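Going by the order they are written in, the chains are A, B, C and D; count residues from 1 in each one.
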Amino acid sequence: MSVPEQTLRDLVIANRILAHQNVVDGYGHVSVRHPSNPERFLLSRSRAPELVVEGDIMEFTLDGTVVGDDRRPPYLERFIHGALYEARPDIHSVVHSHAEETLAFGIANVPMKPVIHLARSIGPHVPVWDIADKFGDNTDLLVTNADHGRDLAQRLGDASVALMRGHGFAAVGRSIVDVVRLSVYLPVNARVLTAAMSFGSLMALAAGEIAGPSGFDPGLPAYWRAWEYWARRAGVGERLGEMP
Amino acid sequence: MSVPEQTLRDLVIANRILAHQNVVDGYGHVSVRHPSNPERFLLSRSRAPELVVEGDIMEFTLDGTVVGDDRRPPYLERFIHGALYEARPDIHSVVHSHAEETLAFGIANVPMKPVIHLARSIGPHVPVWDIADKFGDNTDLLVTNADHGRDLAQRLGDASVALMRGHGFAAVGRSIVDVVRLSVYLPVNARVLTAAMSFGSLMALAAGEIAGPSGFDPGLPAYWRAWEYWARRAGVGERLGEMP
Amino acid sequence: MSVPEQTLRDLVIANRILAHQNVVDGYGHVSVRHPSNPERFLLSRSRAPELVVEGDIMEFTLDGTVVGDDRRPPYLERFIHGALYEARPDIHSVVHSHAEETLAFGIANVPMKPVIHLARSIGPHVPVWDIADKFGDNTDLLVTNADHGRDLAQRLGDASVALMRGHGFAAVGRSIVDVVRLSVYLPVNARVLTAAMSFGSLMALAAGEIAGPSGFDPGLPAYWRAWEYWARRAGVGERLGEMP
Amino acid sequence: MSVPEQTLRDLVIANRILAHQNVVDGYGHVSVRHPSNPERFLLSRSRAPELVVEGDIMEFTLDGTVVGDDRRPPYLERFIHGALYEARPDIHSVVHSHAEETLAFGIANVPMKPVIHLARSIGPHVPVWDIADKFGDNTDLLVTNADHGRDLAQRLGDASVALMRGHGFAAVGRSIVDVVRLSVYLPVNARVLTAAMSFGSLMALAAGEIAGPSGFDPGLPAYWRAWEYWARRAGVGERLGEMP
């Protein structure tokens, strides 16, 4: 089943936005579930996100196996993506990142929680996954097989993002625009929370504020505005599709 | 009533300066009161400030209604601007921003106060507005109607800037140059104050220093110098008018 | 008495380096003593340092009076420069900056001291000058007359740099290369000191390390290397003179 | 014995990456051991790393003496490199840097340790070398002779990186790719560790995680990916060789 051109373009846009916004560097990746086959996902070959173009996109089954005879080296940690699509039929895009502002929350006994409205899609609870809990301390912390990935997915549960101890985070979204937005504002939320903690007490978002008013429409111009802006700044504005 | 060309150009300059100085990103906006009709204000259509050009400027009545048959999507939070112009006949320009350095002061029990002379226009008191105080916690924290805006305006009172809990700030000025200057130096003041608080005791500006010596002239070359500099750095130097 | 071309070029280079290194923004300035008349100094007209060119340089007597019939607006705070040249015959260049990393040290009861070798020219003692001590709190903290300047010079004494409470710093050097170097590394030293203070105890440079070994030669290639590098990065490499 | 062209190109790439990633500024340097003569090493003449080209590379014996009649000024601190190659036959590349995030750990009584997987090559123990321990406080902290260098090498022992009190760090690697990678992620690790320490307790990498699983292959595409990416960002992608 062929992949629509705009899906590939959106995936390139997502790669470039995440690089330009310093959410990923030479490492980190973003994928989308195959639009017409939910048992597959699309992800670049092993390449720094800032350099990714449409021709780099490979297709995988959910256990991380390359589809077809594509011999190009894939990312070592493609198992993050496959396991999350497998466990969460509701999600259609995944980001893995080492964004440094989030890393302190993965190694200290302090919960990440949303404190700014831009980051409310973080959700009420952010689990921390420690690979050593199940696999011991003889790993390099990377998610290099399906067992690792499934353990991470189990820890994520129905949350939107899991911190990975000493490593980074994995975030999921109903769409690529959602998960990129979450991934951009999670580090901002982390910086604000870090500063506020140094002041003493602080007020996080309330449960109702995290859930948001009913009738919220993700197709709002306000959502598209940031996606369009980030794409233009990252130099890939010409790949933008129509506002949904 | 038509709008002078330089008013539109100044509004574009303000948008670009705020984006270039990282006061706004895909979100945040700046408006001016209509020069010949104080019951109206001028604000871009829903667009990232860095991308705004003169043709994007729309006209609104103070309750946030679009003037004429302009069908382009406006900012959801235009009500911030209208309500502040309504409550404060003395002010002629408004900025709304999510500048992250200010956010910690909106969620922690620590007052923002001016500690550097560049930020003395912050004024002696910076109120914090919490949308939940009046509207409960079933909002997304956004100012999406005139009631929200008027509640914010009431909290602002006669101050120059109000922090919005978990959201950002709203700043007002006698001119667009004033409020842009305040918006650029408010985050700087926040960073200096944050660092100094970590040292223990600190000395804020005295009341006389905040008020400034009598005879202060906002048309000083020193004021224009920063506006000109920021405009040139933001790539819109060719839109600059005459020094007032 | 005419000014050598390379003196003007070096002053432009200094302006651009300080802007490019974020030591100054639209505000802040750098001057040199007139090479053949120690009772005069050279300083740009009121202009953002990043925009300064040779033709902007004006000549002043040490009390801050413009020489000749130059009608262009000078910097309000030129009195900083004149007073320091007057009080310190040993120095030949002055920088005034609002570099934000240094500001917290001017408002909190914590001494600035050199902790890294690159900043050893800070010297063993960094006084803090508070304009309110002598002039009360009905100022805007600016050094706008010769009395202000002389009070600052008295507080500086024989030090290399004085912090100005709520305002910035004034630094002096035997040459323009010296004072630019000091001004670039003072904020770095401030950041390192700020981080180390958060860790608890720390070790500052020893007196002998600040003084340095005898026989130190400021004409070393290592000194020129940074000046040349910063000039090239700031886009004014073509103005560089010969290594002294 | 002539030096392969790609060795020179790789050394230029390393200089440019370290400059572009803010690991070095006008100061700091990177060297490689001579590929066919382990008693010699290659290092640029005294020049800011961002400006280094192949023609700047000079050859030295391990005591820091220039080979041949090359009269160009060398770096004052070339003795760091020679002494480390002399003491550690296992290493083939050396970086010296003043990266500011690491400096606080050199002056405070707080150990640097790896807390993120990207920095696990830091190793389990990071010694701090204080030049004053052996040479007193009448130095400018610089490693300006072979005795200084050998004292540093002794303190480094079999570690991968030593912090130099009030000065910077010296890092070693089995290859230039290894030591550049370590030098890029050491400051990231320092920032994460600094933030996490402010939160209270934290979890560093376990011994097994630092050692990594057996069978680890440094020629993995994942290693090359970052090197290629950094080189392209630094504008020297055209100098890249083949993936090893």
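One rule holds for everything that comes next: contacts are C-beta pairs under 8 Å (C-beta built on N, C-alpha and C of every residue); 3 or more make two chains touch, one makes a residue touch a chain.
This structure is a prediction, so every number in the text was calculated from the model and none was measured.
J.: Check the residue numbers that subunit A and subunit D use where they touch, and answer same if over half are used by both copies, otherwise different.
T.: different
J.: Can you compute the centre-to-centre distance for subunit B and subunit C, using the mean CA position of each chain? Integer Å is fine.
T.: Chain centroid spacing, subunit B to subunit C, equals 33 Å.
J.: On a C-alpha centroid basis, what's the spacing between subunit B and subunit D, in Å?
T.: 46
J.: Which residues does subunit B have that touch at least 2 chains other than itself?
T.: 198
J.: Could you tell me which shape the graph of touching chains takes: line, ring, star, complete or other?
T.: Topology of the interface graph: a ring, with each chain touching two neighbours.
J.: In the complex, go through subunit D and note every residue touching subunit C.
T.: Contacts found on subunit D: 25-27, 46-48, 50-51, 73, 75-76, 98, 100-101, 103-105, 107-110, 132, 136-142, 165-167, 194, 197-198.
J.: Within the complex, which stretch of subunit A touches subunit B?
T.: Subunit A residues touching subunit B: 115-118, 120, 188, 191-192, 195-196, 198-209, 211-213, 216, 220-222, 225-226, 228-230, 232-233.
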